[in-house]
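Remarks on the structure that follows.
Just so it is clear, A, B, C and D label the chains in written order, and each chain counts residues from 1 on its own.
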Amino acid sequence: MDGAGGTGLGVGMVGYAFMGAAHSQAWRVAPRFFDLPLQPRMTVVAGRTAAGVEAAARKLGWEHTETDWRKLLVRDDVQLIDICTPGSTHAEIAIAALEAGKHVLCEKPLANTVAEAEAMVAAADAAAASGVRAMVGFTYRRVPAIALARELVAEGRIGTVRHVRAQYLQDWIADEEAPLSWRLDKAQAGSGALGDIGAHVVDLAQHVTGELLTGVSGVLETFVHERPVAGEFAGLHGTAGAGRGPVTVDDAAIFTGRLSGGGLATFEATRFAWGRKNAIRLEINGSRGSLAFDFEDMNVLHLYDATEDARVAGFRRIVVTEPEHPYVGAWWPAGHGLGYEHGFVHQVVDLVEALAAGRQPDPSFADGLQVQRVLAAVERSAADSSTWTPVETGVDRHVERNGR
Amino acid sequence: MDGAGGTGLGVGMVGYAFMGAAHSQAWRVAPRFFDLPLQPRMTVVAGRTAAGVEAAARKLGWEHTETDWRKLLVRDDVQLIDICTPGSTHAEIAIAALEAGKHVLCEKPLANTVAEAEAMVAAADAAAASGVRAMVGFTYRRVPAIALARELVAEGRIGTVRHVRAQYLQDWIADEEAPLSWRLDKAQAGSGALGDIGAHVVDLAQHVTGELLTGVSGVLETFVHERPVAGEFAGLHGTAGAGRGPVTVDDAAIFTGRLSGGGLATFEATRFAWGRKNAIRLEINGSRGSLAFDFEDMNVLHLYDATEDARVAGFRRIVVTEPEHPYVGAWWPAGHGLGYEHGFVHQVVDLVEALAAGRQPDPSFADGLQVQRVLAAVERSAADSSTWTPVETGVDRHVERNGR
Amino acid sequence: MDGAGGTGLGVGMVGYAFMGAAHSQAWRVAPRFFDLPLQPRMTVVAGRTAAGVEAAARKLGWEHTETDWRKLLVRDDVQLIDICTPGSTHAEIAIAALEAGKHVLCEKPLANTVAEAEAMVAAADAAAASGVRAMVGFTYRRVPAIALARELVAEGRIGTVRHVRAQYLQDWIADEEAPLSWRLDKAQAGSGALGDIGAHVVDLAQHVTGELLTGVSGVLETFVHERPVAGEFAGLHGTAGAGRGPVTVDDAAIFTGRLSGGGLATFEATRFAWGRKNAIRLEINGSRGSLAFDFEDMNVLHLYDATEDARVAGFRRIVVTEPEHPYVGAWWPAGHGLGYEHGFVHQVVDLVEALAAGRQPDPSFADGLQVQRVLAAVERSAADSSTWTPVETGVDRHVERNGR
Amino acid sequence: MDGAGGTGLGVGMVGYAFMGAAHSQAWRVAPRFFDLPLQPRMTVVAGRTAAGVEAAARKLGWEHTETDWRKLLVRDDVQLIDICTPGSTHAEIAIAALEAGKHVLCEKPLANTVAEAEAMVAAADAAAASGVRAMVGFTYRRVPAIALARELVAEGRIGTVRHVRAQYLQDWIADEEAPLSWRLDKAQAGSGALGDIGAHVVDLAQHVTGELLTGVSGVLETFVHERPVAGEFAGLHGTAGAGRGPVTVDDAAIFTGRLSGGGLATFEATRFAWGRKNAIRLEINGSRGSLAFDFEDMNVLHLYDATEDARVAGFRRIVVTEPEHPYVGAWWPAGHGLGYEHGFVHQVVDLVEALAAGRQPDPSFADGLQVQRVLAAVERSAADSSTWTPVETGVDRHVERNGR
């Protein structure tokens, strides 16, 4: 299964649903297009039932299976644990793995609570001392157009950031009769649109600008309070016979924020935007130019350079499929666009390169914790009449109010 | 100067700058394309200096001039006063005109303060008893694509409104060295981006949805606190010799809000969005569909109908240039787009038709006051840590907090 | 009716339908926004019936009427004849007007045949000797985005032209049951899509590139051979009682061509492109860059500059609404888009300025003739198995075949 | 390496450059997302040099290597030959493989000449008698948006096809100093833009409409006749020392055509369209609606349905990422777009399913031959003053001229 050579990196993956399939594709494909310093090996996948995990291993291409994730931690042929389970299980698995000396790649959100995330950061810090690394998976950072956007901001192409408007719009529960799922149950999912998709745009806004949110003011809303019980949910939570069960998370979140450099930000996360399938939109206005991105046109970045002659200035539609662009040269000739899954491949590439170099991969667990703190601040603000709420830094908890 | 006949309507216009030119074009052109029940006559224009107003009359095509607007109120050949002066003068002129029995068309913002606007509404109410009418000019309502959007919402095409995202983005002071102007001086302009352009998107969001904002949470920001003194500003306000003067209004406003039907809204008004020249964006998600509009593509409305088969559903790009569309049939054959100024023509048409029919034209001064109250609530919220602030109704001032 | 002063220019217009309304708007509005060296006066309009022309004069704002266009030629208060009648009448009116010493503005197409157009050019040449001027109306040249495109090509911004792809797509007879009109009758209209709308894109392609078509290869097609007889057509041409009548012009034309600089061109003109209302598309690729335009988004020009760093190169969406852009500064502040009719206003401005300066206005009758010759070459090619057919120059008729 | 089970299908691939990498990815990934009736096995790859092919096998994940492609034909562990070499070698390899009883997947173009393609079809016909199958690789057919377009046309959603406009625009040799490559050498490449990229849009136009081109009229052009000699070309063809060598293929092709249903078509293939990276554009107007596609936005299909109420009709932007869409359900949740390479995966899926079912996979060698005949007709027309040239059917070679 090895690619072009190099030392191996045995991977043990926990979970094999949507994220498990995406991560499997990334481990499988990365060495075929990139020259990796370590050769990933799809060694073993863990799941709760033998039948389920064996079918998944066969389908997804893993060599071995386990029905207890703890078994992965004692295998000598596993050097990295890849956590693809729901958020409520992340802390336990990640901390145990790090303590067992295994590198960890953990899907976002880092955890369902700030407290869990803080414990995970502590474990990551302790492990780092002995060269064991932890990374959280915000793969949209690795869409080439987003990576290019970050480079351009860092180079000063748009100057000082004044405005960010970030939206994550979907429509999969806009239909009031769409059934309940675990994602609509606070006990399992932690939060709704805020944590599931809002987390992505918070991370992207901070990543691309290179700044952090210092405070927020938010509103959360649940539009549909009861939904039909179907599939996995039938019979759960006292819903048997009732036919309908409660939605206990937010359907949508809107919030304003301020960046560490003084800029203003607006955010929106909703699954009720009919017609928007996966519209991750990021628009940034700086003192010298602007950037705009929409995941519905993911291979494109729009750039406005205000230093150009006004007569011919305009947003440039950069088709981010050229060898000059981040990650792109390893794939196809110019003009041949990539898809959703390629961000996962690039994540594997960056992770493996960091591991081989003994560097901290990016984003760290601390980065994941910081996003959780932003979301927690939004929730506190929404519960307190939208009052401006500083984002905790974990270091200095003095209160700021609507200022820098 | 008459068109196809009918009784005349003598117009006296006060002010002749940008808005005066736009209104003149509307009075001139409306009877050439629409069959009006009253024939407008461009009777007289008033300005402060004889030389200035005479040059303007010649250029814009007015028959007579006055250097004191009060003279217009006693002319028998004037039945309507068209107010195109800065906001700080609106209340005095409008109230006097209504008391003199003249109909009034007043540019937005209705006034610089809620108190002034309330006095204007009182005067309009009193005048209405004797058939004298007052209208405030939110002309973007009369862009055909916006008018179509309102019709579609009213017909239930997108169901219950859940989300509004409204932005008014410009870039004319994004350059930190752009000079001071009266629009950046609180004493003259009242407010900055909030009142100048934010007012438009507040009005549009409410007009298209047919709902009102019940509460808001806002942040205001001034990015550039001092600017070069130039032109009209040199020597004013103790700036002589200094070379730079203070900006005393907001450069940008962001706010969240809730609509009377329970939907969430986000707003942004800024003149610092490099590359966005006049981007009035309105996107509405309802329980059965969505709408999207951007004034940078003003002859287009996007509609998503969620009742369609998912296999072929998609945002429709409706080119709003067909005879089936509001106002369009009076102009050119299908496909020949309109421009910015046509909204002013449509405003004249609607106003004249209402006057002839003895109806209240729309939007009324009360509608203009309500928009002022929304802006005032944003300012209060921004001054109070973004705390959720109900929009005053003028009737029942009980406090709501972040709820319906 | 005068604007800011200057000598007058009495206009006599012949015809008052669609084009008459557009031209009237232009004469009316131009002096209100532009400082003209001559003040146009809407002196007299001519039409066949007294009732019709009087109603039109009242509606469109003309001072006097005539029922015989020849009367216009002997009026001392008329210096310019504006011809807005169908193409079959252009030659007679224009030649008589020029011989009477009147300037002429003639709507496109210059004539229905090359022979007529040649006679008109001869008359224009003769008149020019005594300072009498003739202009043909290709108003799309004066859309600001098109005018900017021409400037950019002339400045060498896109280098040598290699490709032009030009389309004029409409859909108003795509419905097979749309009724007959005079535009579908060869005796009256001369040709179908080719002459009506193909003429526009031929002119634009040549105007923007600054080159001429040297040869073409074409195909013409009539998709629907019979249509319902309705309105103006009922009872004409032996169709009484029949219910349906023949379509005798082309419904669509496609052709390839070569420019004088060696570039390749493709053209398409059709009224059968469902969903395209007035899509005039022009895309030009040069040795150093590219341009793209679509009238459905008429205030926008797209420019690709190949000399830019490939990492940030992309088509720039230039919003052509800034004071730096052709014609725009006379209108509104930045960002306020224009519409279809503004091209007619700009035509009046350019014409009046040329007349006052004693210059030949552009495009001349010779330019109109040259477009007719291109269309004639397409027709000849289509009738001769699409064989490559040189465009006659009127000077040197040697045959070229598919070469430069 | 197997997926979820089933009988195996040993694959032997010839060539390992761009297309070899794309095909490898397809064989690797298809069984991980689709339930295939036969499990592909990446058995052996053939190349000319041992070092080269061994490195490729390691990188791309093939089990064995050969330096003579003929060795693949005698291996029992190979059931299918996948031909990824230049077009001049296709006929020899494919015919030998079919005669050896191996299924064949052959990259496009099927061959460099019609004669070779005819021989390949004969071999495919002979092999089919014993259940051995041959397929040519036009993978753009399997972009989901294109597959959906074909379905919609077949269902009658746009009625009778009247217009096709098809373009394939690239810019990789628009720079006159871009070096020579084998693709610019007629001896190796057969033709230039016409065969390389024009072939794709000819196939797509015919595939989506379900019709064939019956005749064409074309122009070919070489803009840059000499280029710097670099890399692979240095010293070849007597270019040593010269520094520059000749371009012997067309740089661009434009042609008109007629479809078997009577519709008109325009085509353009060029590598000189600065700023267009891989713009495969297909626009179809039918009697009841229209479709539009651009590969630069490959997950989107635009549909206009002319049976809708004109007031709300418009091109729908269908985001083709939903489970209702062809191929999409096997991948990710709604809204997560695919990339260029996924078309190759879908090609493997369709091929394997056809093989397992004993069906002819689509497109057949006969389909590939028919595309070659279209291209040959374009070349003949271009060499004969663009005279209308019927596409040979191989059955009935009577000449048609510009008719159906």
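Just so we're on the same page, a residue touches a chain if its C-beta (ideal position, glycine included) is under 8 Å from a C-beta of that chain, and two chains touch if they have at least 3 such contacts.
According to UniProt, the chain labels map to these proteins: A, B, C, D = Oxidoreductase.
Nothing here was measured: the structure is a model prediction, and the numbers come from that model.
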item: Pair joined by the larger number of C-beta contacts - B-C, A-C; value: B-C
item: From chain A (Oxidoreductase), the most remote chain by mean C-alpha position; value: C
item: Euclidean distance of C-alpha centroids - chain C (Oxidoreductase) vs chain D (Oxidoreductase), Å; value: 41
item: Inter-chain centre distance, chain B (Oxidoreductase) versus chain C (Oxidoreductase) - centres from mean C-alpha coordinates, in Å; value: 36
item: Distance from chain C (Oxidoreductase) to chain A (Oxidoreductase) - Cα centre to Cα centre, in angstrom; value: 55
item: Numbers and ranges of chain D (Oxidoreductase) residues touching at least 2 other chains; value: 313-315, 319, 322
item: Chain D (Oxidoreductase) partner contacts - residues on chain B (Oxidoreductase) that touch it in the complex; value: 148, 152, 157, 301-303, 305, 309-319, 322, 324-325
item: Residues on chain C (Oxidoreductase) engaged by chain B (Oxidoreductase) in the complex (per definition of touch); value: 1-5, 18, 21-22, 24-25, 28-29, 32-33, 55, 58-61, 170, 172, 277-279, 295-300, 319, 321-322, 331-342
item: Touching residues on chain D (Oxidoreductase), where the partner in the complex is chain C (Oxidoreductase); value: 158, 162-163, 165, 167, 169, 171, 174-176, 217-219, 221, 223, 252, 254-256, 258, 262, 264-266, 268, 270, 272-276, 285-290, 304, 306, 313-315, 382, 385-388, 401-402
